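The following blocks contain the structures, represented as structure tokens.
You will see chain A twice below: alongside chain B first, and alongside chain C after that.
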Partner chain A sequence: MSVLDIKNIHIDFPTSKGVVHAVTDVTLSVEKGRRIGFIGESGSGKTTTALAAMRMLANPGFVASGEVHLNSLEGDTNVLHLDEEGMRRVRLRKISYIPQGAMNSLNPVMRVEAQIWDAVVAHEGAVEDLQARSDTALEGVGLDPKVVGRLYPHELSGGMKQRVCIAIGTCLTPDLIIADEPTSALDVITQRHVMQTLREMQAKIGAGLILIGHDMGLMAQSVDDIAVLKKGVLVEFGPVRQIIENPEHPYTKELISSVPLVGGESFLHAQAAPPKGEKLDVPLLELDGVSKVYGSVTALHPMSFALDGEEPKIISIVGQSGSGKSTMGSLMLGFNDPTAGAVRFKGDDINRMTAGERLEFRKQVQAVFQDPYACFNPFYRVNHALKFPFENFGMQGDVEVEMHKACEAVGLDPSLVLGRYPHQLSGGQRQRLIVARALMLSPKLLIADEPVSMVDASLRATILANIHDLKDKHGISIIYITHDLATAYHVSDYVMVLYHGHVVEAGPPKEVIGDPQHAYTRLLIDSIPWPDLDRDWGDAGDARAALDVLAEIGGTPETVYRGDIPGFTLGQG
Partner chain B sequence: MSDPTNAAAPETAAPDMAGLTKRQLKRMKRFDNPWNNPKLIWGITLLMGIIALGIFGRIFWDTDLVFTGAVLPSQAPVGFENLRGQVGLASSPLGTDVAGKDLLALLIVGAPNSLYVGVLASLIGMSLGIFLGFTAGYTGGRVDDVIRVGSDVMITIPPLLILVVVQASFGDITLTMMSLLIAAFVWQSPTRLIRAQVLSMRESGYVQMARLSGASDRHIMFREMLPNLVPYLFGSFIANVTTSIVTAVGLEVLGLGPQRVPTLGRVIYDAIDSAALTRDMWWWWGFPTILLMVMFIGLLLINLGLDEVSNPRLRRL
Partner chain C sequence: MENTFARYLFNRFFTLFLTVFIAATLIWIIPRLSPVNPIDAMLGRMASGGGTIENSGAIMEQLMERFGFNDPWYVQYWLYIRNTLTFDFGLSTSSFPTPVAQMIGDALPWTIGLMMVALIITFIIGNLLGALMVWEHTPRPWKAVIPAMMVFTSMPPILSGLLLMYIFSSTLPWFPLNGAYSIRVEPELSLSFIGSVIHHGVLPAMSIVVVTFGFWALGMRGLMITVQGEDYTVLAKAKGLKKRYILYKYMIRNAILPQITAFALKIGMLVAGQVLVERIFAYPGMGKLLYDAILTQDYPVIQGVSFVIILMTALAVFLVDLLYPLIDPRIRLGG
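Right after this comes the complex of A and B.
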């Protein structure tokens, strides 16, 4: 029996440039107890389709035509015919929604259990056993109702907040749960736990589940059927095994192949000997006992390493949010002063430079940041970001010619991107422009801080290949900061795994990621959802056990050294 | 949203222009150029009207008629009668006051004067605000503390109270002097606004990019940050002009402010002083009030229009 039938639905958004057909002719059924994944890139209409079932479309979107049938309704089952009050009764009771950012979805001034009572009272009126209801709901998601129920949202971790959202979403045993990228803000270890909890709860109440996401691996591990959307059109729909092992639509193939696998085929083309950098007596970049303390929090424990610039290398710094990896990035760029120790570039302390030396340092050390949307000044055309540093550093050559060359080198058509405003370009194009900017300046060292985490999956491989080319073709050494072990495995020459500001494991990627020795590294790799159906993610029990392992590692882990590469030395001890 | 001619950003489905009424298409066009905003245009037109009154009035009318005894006193506007049954003459189309001043001439001189006080006070206040806001937001630390506390304290002081005391002790002052005094009370809110914006912009990606490009602090402040503040600055400027005019008129109606220069507030003060309300000389206080209303409505419309320009979400199809 199907819970929800979406029939030939069209959703339009009238905008300044005309009507955007966000969703075109999508027909889909959700069976009871079955999990369906909506996958597609940003703007593909996956969230819009799902929200149409709850009639919660963002303004000014509206359903232009089509039907949405919720089969448990009495009489007319078409949701689109319900009045406001009828719709209110459907929401949460029949169809519940688990939002993306759990951080902002809970009321900050109410205790957790009171928020569950709110949901119950809104639909059932004044019931007597509210306490029992909230206790059951919280127990269901593995939270202790005696403790967690009495807490306020800010006292919970990200994973706990998301589990509270699941508790609210399931407390009225709805027919259908819509989960909109419920784990996109969480790290992989927590992600696994939250997803397992969601699956467990969904199986327990026998509801249908629509999981919206862009991660093929997560889909493979969590759903039964996959619906692939592209530009508002349902391009492929079928059981997960069929889609993953035998995709028919080229777009699906592209989505699947864009997920890099540890040990899998590399997405990079091997290059003959890269050009050598200049030979120096001192290391290109040296961290000498550098640490950073923010108030009572130690973001980075004393760390020492030396990177030799002669042979360009990519050094990956891998870790979860809060591991101190971005702090390292800003220390190396001189945006932050270290609490202790010194960062030296070609032997000079970067925090004790004169204005002239600093300009020279800036010219030689460039960066690619995480957010391609924020990196361009909205006031200027994108050329400004490329032109200004080039002229400011007094570089030789014609700016226009160099800009065109750099764009072509990263695979952009200069006539399409140059001269436009940032908002006219996609995230992928902007990030490639930033790489092009780095290329124009030909620095000695590039610090890439999560360069692809905010870019659509299908473009990640291309952008990483662009960055890899900087090393191979232009002899630039790169520090690659990421949370993604699979890409680190492919691009880097040396990997450091960071945990709470400590290096827990370091060495060549084949050793560290291919065959992890430290408990934390192993945990990270086990928690990655692989788009491989035979590599099971484990059940909720495994996920809980993983959290126990994490607790055991504690705050001062040992470092496991897994071998050295020439030209890079990590200070031991 | 995506642009149909832009092959570069094909992430969302392309918009469809078919099946739209002419009216909708016309409204859409307005989105392409946000400055083509009806509220903004109306507001500017109203203010230009006041300025035009000042310019053309000086050409086509004799401004010497503002002096006492220049024309017959207590005359009603053309076609109306005063209490004595005298019908207004075409030589003073808007009537005259009890001292024999021509009201049209008073308005021609007075209205631009009031606007001048508002604009000058606001300009000075904004310049101070931009300087202090950037200094506080960008420098941080002790300097920030001093500026922030200073502007917070100043906000709590009621400006009219201080101005009444200062002006009363000064006696007669010039328009510029009054603008300077008012400016001392309108720099606080732009300071706070700019400080807050600078604080959030300082951490933004493009400012980091500029630092990475070796940009100087001056470049970051004036070339990267300031252009993005323009809509806020405009809005804040217009709001300050309104506040300044209200303050100036308030002082003038109390009989303070410039004694020899005609302003709209001064005309209203004279009208109240000579019991124009009880003598049924409605034109005396009525016309300056209408001009003030036009001025404020114009400023309000400009402010609303600017809001829509800087915040596309307020624009509707």
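Right after this comes the complex of A and C.
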């Protein structure tokens, strides 16, 4: 029996430039107890379609035509015909919503349990034992109501907050749960735990589930049916196995192939003989017993390595949030002073450089960060951002020529992008411009901190290929900092897996990621939702067992060394 | 937890002390930087006044001692700090020999009463209107009227005061033109006196409310727009909560937090009064005291009033800092 039937729905957004048809003629049904994934890139209409069922479209969007039937309603089942109060009563009681922003979806000034109480009271009036209701709801998602109930949202981790949202979303046993990218802000281990909790609760109350997302792997591991949307049109719909194994629409194929697989085909352009870097007597970059302590937290335990610049290499630093990987990045860039030890670039301690040496260091060591938009001054056209460092560092050559060359090297048409403002470009274009900007200075070393985590999946491979070309064609060594093991597998020559500021496993990627030996690395790989139905994600029990594994690893894990590569030495011990 | 709170308290208290101390020091230094010797200025004014002034010798002597030209600077400074911290600001030169502390003591309750009432009314009206400008369920006529009301914000309070005087005192004889209470009632704790005070306070208070609510409304509008887009507001709606509950408990409750800090700063400022408003309504508050003191170059009064203003601002900020953890739980551990 279907819980929700969406029939020929059209959703329009009137704007000053004319009407945008966000959703065009979508028809589908959600069966009781069944999970449907809505997949597509940003702007595909996946969230808009789902929110139309709750009548919560963002302004000025409206349903131009079509019907949305919630079959448990009495009489007229079309929710579009309900009055405001009727719709309010449907929300949460019949259709609940689990929002995307796990970090910010709870009222910061209310205790967790009070945010369950107000929901219960809004639908059932003054209920006798609110405390018991919130306790049951929190227990259901594996949180201790005695402790967590009394806390404020800022005292919870991201995963806990999202489990609170699941508790709220299921406390009135709705017919349908709409989960809008509920795990997009979480690391893979937490993602698996939250997703499994959601599935478990959904199965328990027998509700239908609409899971909105862009990650084909997560969909493959979480839903029964997949609806693929592109530009507001439902391009493909079917059971998950059919969609994953025999996709028909080219867009579906593209979405599946955009998830890099470990061991799968490489997305990089192969290059026969990469140019040599500079030959030096000292390492290009050396960390000598570097550690970093913030107050009572040790972000990075003493670490030593030496990277030789002659044979350019890509060294990946892989870890989840809080692993210390970004701390390492900022230490290597000299943005942060190490608590102990020294960072040396070509033999010079970067924290003891004169102003002139530092300028030279800044020129030779470039960075690419996560958010390319934040790297541009929004008031200037992008060519300003590209020219400025070139002129500031007193580089030789014609800036216009260099700028065009750099844009072409990252696959952008300079005549199209250079005259624009940052907001007029896509996230992928912006990030490629940042890479081009770095390239113009012919640096010796590039530090890329999560360079592709904020761009659409289909563009990630292209940008990583651009970064890889920096090594192959321009002889630049690269430190690639990421949470994504699959991309690290493909691009890097050497991988270090970080956990709580310790290296837990290090070596060539084929060893470390292809055949992990450390319990933590194995856990990371197992937690990744692969777009491969034969590679099972496990159930809620496995997700909880993962937490036990973490507890067992504890705060001072052993390091597993998986072999060396020439030109890079990791300090052992 | 307790330890954190103790440290928070200590930090705030230290800030309070430091602010007041630095302010007192600046008030001491600044007149000394002036190329004009205040005593010479006094003498000049007396001379230009023509006749001999009674007590002029005593005034001079008192000023000499006050500015302490007979002592080394550190003694002067020490005496000044000691006197200031015990609220001994010396004697007024224009109303010699009234102690400055007594003049401030007489004026302060009027200003605090009037301005506090005006500020609280403005804060409530301004924030509510600002919130309603953003709320999606505000009735349409209100959404058109509220922005139009912002016109008043661009008006100086002296103009709104004169306008209100003209309408409600001159044309319609509803409220008295000036003063803080009727000369026909005794200043005592009686109903008729309190009634008279309120009757006299309405117009000056209104003239301030009318021109300052826009400050709060526009600030609140910006904050509400941010809060309206927050995920917790979206989730509140998805939870099927009632719209008024969402407005108060989710939106205003969060948007108002920065406004409360601004409120504390305003409390300190209001001690200075709306100088011109007090002037045109002949209201016997701090504003009028300061105005008169500037006209007569009554340095001890100016210094005393300045110190009280700074002290009040620092105290208000201190109090809000103490209360802030109660209204924003994120401060509790983060402070």
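Methods note: the second predicted complex is superposed on the first by the 572 of 573 C-alpha atoms of A that agree within 3 Å, B and C clash if a C-alpha of one lies under 4 Å from a C-alpha of the other, contacts with A are read in each partner's own complex, and residues count from 1 in each chain.
Keep in mind that, in the parts below, a contact is a pair of C-beta atoms (placed from the backbone, for glycine too) under 8 Å apart; a residue touches a chain by one contact, two chains touch by 3 or more.
Because the structure is a prediction, the values reported are computed rather than measured.
Q: Going by the contact rule set out at the top, does A:I528 touch chain B (first), chain C (second), both, or neither?
A: In the superposition, A:I528 contacts neither chain B nor chain C.
Q: If you tally the residues of chain A touched by each partner, is the higher count for chain B or for chain C?
A: Between chain B and chain C, B touches the greater number of residues in chain A.
Q: A:Y152 contacts which: chain B (first), chain C (second), both, neither?
A: Once the two structures are laid over each other on A, A:Y152 reaches chain C alone.
Q: Does the superposition put A:P14 against chain B (first), chain C (second), both, or neither?
A: Only chain B; A:P14 stays clear of chain C.
Q: Thinking of the overlay built on chain A, is A:L333 touched by chain B (first), by chain C (second), by both, or by neither?
A: Touch partner of A:L333: chain B, not chain C.
Q: A:A122 in the overlay: touching chain B, chain C, both, or neither? Say first, second, both or neither.
A: Second partner only.
Q: In the superposed arrangement, does A:A207 touch chain B (first), chain C (second), both or neither?
A: Neither partner.
Q: Looking at the overlay, what does A:L570 touch: chain B (first), chain C (second), both, or neither?
A: Neither partner.
Q: So in the superposed three-chain picture, is A:R89 touching just chain B, just chain C, both, or none of them (first/second/both/neither)?
A: second
Q: Given the touch rule stated above, what does A:I479 touch, chain B (first), chain C (second), both, or neither?
A: neither
Q: Overlap the chain B and chain C contact sets on chain A and report the shared residues.
A: none
Q: Of all residues in chain C, which touch chain A in the complex?
A: It comes out as residues 136, 230-232, 234-243, 245, 249-250, 253-254, 327-330, 333-334.
Q: In their shared complex, at which residues does chain A touch chain C?
A: 54, 56, 59, 88-93, 96-97, 99-101, 104-110, 118-119, 122-123, 152, 154-155, 165, 168
Q: Which residues of chain B touch chain A once you look at their complex with the stated criterion?
A: Within the complex, chain B contacts chain A at residues 1-4, 6-17, 19-20, 24, 28, 31-32, 204-206, 208-215, 224, 227-228, 315, 317.
Q: Quick one: in the complex, what on chain A touches chain B?
A: That would be residues 13-22, 24, 41-45, 60, 231-233, 333, 335, 358-359, 362-363, 366-367, 369, 371, 373-380, 385, 388-389, 392-393, 413, 416-417, 420, 424-426, 429, 434, 456 of chain A.
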